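What follows is a set of structures to go through.
What follows is subunit A paired twice: with subunit B in the first complex and subunit C in the second.
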Partner chain A sequence: MPSELELQISPIVQESLVHNTRTLVNLQSLTASLFGVSAGILGLESYSGFLYYLIFSLITSALFYVVRVAPTSIASEKPPLDTSRYFRGPVEFWTGGLMNGLAGFILTWTLFYGLVSA
Partner chain B sequence: MTILSKTITAFGGILLAHACYSAQEHSALHSLRVATAASLTSSSTVANSLPIDVVIETIVATFIILLGLVLGTRPLRPIQWRVWAGKIEREGEDGFKDNNGEVNKDYMGNPFNFIESRPNFVDIRKQRKEFAEWVRTGGGGQSTR
Partner chain C sequence: MAQVPVQTIHRDPQLFYWILFPITIVMILTGILRHYATVLMASAPKKLDQKTTREQRSLLHGMQVRSSFHALSKRSFNSRRDALITAYESGAYLKDPERKGQPPANPMTDPSSMEGMMGMMKNQMAMIIPNTLIMSWINAFFSGYVIMKLPFPLTIKFKSMLQAGVATKDMDPRWMSSISWYFLCIFGLQSVFNFILGNDNAASQMAQQMGQMGPQTAQMFGPGVDPNKQFLAEAENIAVVDHYSVLDGVEDRLLEGIRV
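Take a look at the complex of A and B:
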């Protein structure tokens, strides 16, 4: 988290921050439902289902980094896996969507589990 | 870009639907087998595990849809003011287009426009040159008519 002095020196554009965060949250809630569908088809139960969700969410973040963040971020001489060009902190980027998508994941997980193994 | 992502997502969706149907059929067949086995011999246990091809198809379909969705996301914008304003100055509207090639609705142009449009900042020599050019081409053509 940048300090107040750093924010005074290099100010942040709120609209861009909101736009980037909304793009990421939209993607993560969409993909969480998708992971629920596939976890239900695979018939996962209890911890393995949550582990599946965790792994695939991290894969989503990594893929988003590769497709959207990396090309311009590395071109502007940032080190790899640094998202500070578009997001405020690494924690927000890598794990911010976990809680957002969890409800959708469980919804579609239970639905498809019930549909497949009825 | 958007056509590509939609095609990939649709293809993954078909694969996922097929995997779902296969899993459902396997489950139905399995419960039927268990019922018949129970009626024939009382001590018969059939393991209910999904066939490996359905598992692979599901995971591959998930990855394909994931790729399509990620490719379909909107381009990000730099959050640091100096990077963002530099991008506007360099690329103008071209840097703020979404996947369909339309300029974003909340694109508001150069944030320093109000400074650069002050009368003190008008480039009068450039305007004179442009006026002379106009007189030589368009304006001159009208006067000879």
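Take a look at the complex of A and C:
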């Protein structure tokens, strides 16, 4: 945790942080709906469906890290898998999407499961 | 343990076209309508007269000086502090200085505060009216149908919620009626609205409820707050700031940085 003086010397711009988080949330809620579509078409039920969602949203986070965060983050000498250059905390980055997209996932999952297996 | 046979219910495929899709489309369109209604009804911020603006801005100025004192040098911070404290304590920035000691006016009688309440009322209405209408519409036309099956099992407690209007005792709680599809839509359509309307939309009532809990900043200059007390408190806050500048010792840090 940087001290108060360090934060004042190199301040964090709240607007940029909000923008980054918002981009991530947008991506996660959109992909969650698409995962719901695919889970419904595949006809997954109960645990396998939730597991599918868990795995694929973690893959999404990982891809987001590799494609968007990693190039500049590693170039600025951060250790791998460290998102502190762009995001507030690691928990928010890696698992925040699970809660954001869950409602959308369940909606489209139910819809396409109903449509396909009816 | 005997396997419980999976319940199958033969449903008319037409149910999808006449119940599921209408509800979904109506929900999406209502969200879009609510978004644009909120945008259109948003009243432009009222023009404040010069005295009120000065009162609010000078208080904000004091807060800014207090919170970013580290960007100022010692001398300029001290002169700002002296000027602000003198002005705050003498009440130079007050809107009407002769009302200094009196209790604040009743917020109910102040016409400017009524407008803020009207704005809140409008937002509430924009939420409540469509919800009530759609609920009663679904109840009137679509109650009593079982339209689909959830892909995950639920406990028996959910039965009364999901199968409202379908009083069948032995049916698996996974079967859901049209009203529960409506509830799923309320919770899950936020991502669809994000996609259609962009991120700051006012389409989902969930987001609006979150927003009402969030910002308390509007309260700062709200009715019923005595500005003189705010000024005195702010003067005290500025007076106790222990000043240092980020430029203190910057030459040492620079030399540290370029050392080979």
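As a convention for this text, the second predicted complex is superposed on the first by the 108 of 118 C-alpha atoms of A that agree within 3 Å, B and C clash if a C-alpha of one lies under 4 Å from a C-alpha of the other, contacts with A are read in each partner's own complex, and residues count from 1 in each chain.
Quick note on the criterion: a residue touches a chain if its C-beta (ideal position, glycine included) is under 8 Å from a C-beta of that chain, and two chains touch if they have at least 3 such contacts.
The structure presented is a predicted model; accordingly, all values stated were derived computationally and were not measured.
Once the two complexes are laid over each other on the shared chain, residue contacts for A:F87 go to subunit B alone; subunit C is not touched. Judged by the touch definition given at the top, the superposed model places A:I12 against subunit B, while subunit C stays out of reach. Contacts of A:L115 after superposition: both subunit B and subunit C are touched. In the superposition on chain A, A:I59 makes contact with subunit B only, while subunit C stays out of contact range.
When both complexes are overlaid on chain A, the residue A:N20 reaches subunit B alone and has no touch with subunit C. Residue contacts after overlaying the shared chain place A:V37 against subunit B, while subunit C stays out of touching range.
Touch criterion not met for A:L51: it reaches neither subunit B nor subunit C. Overlap of the subunit B and subunit C interfaces on subunit A comprises residues 26, 30, 115, 117-118. Taken together, the subunit B residues at the contact with subunit A in this complex read 16, 19-20, 23-24, 27, 50, 54-55, 58-59, 61-62, 65-67, 69-71, 73-84, 106.
Residues 10-13, 15-17, 19-20, 23, 26-27, 30-31, 34-35, 37-38, 41-43, 56, 59-60, 63-64, 67-69, 72, 76, 85-88, 112, 115-118 of subunit A touch subunit B in their complex. Residue ranges of subunit C in contact with subunit A, taken from their complex: 11, 13, 16, 20, 24, 70-71, 147-153, 176, 181, 184-185, 187-192, 194-195, 199, 246.
Against subunit C, in their complex, subunit A makes its touches with residues 5, 8-9, 22, 25-26, 29-30, 32-33, 39-40, 44-47, 49-50, 101, 103-111, 113-115, 117-118.
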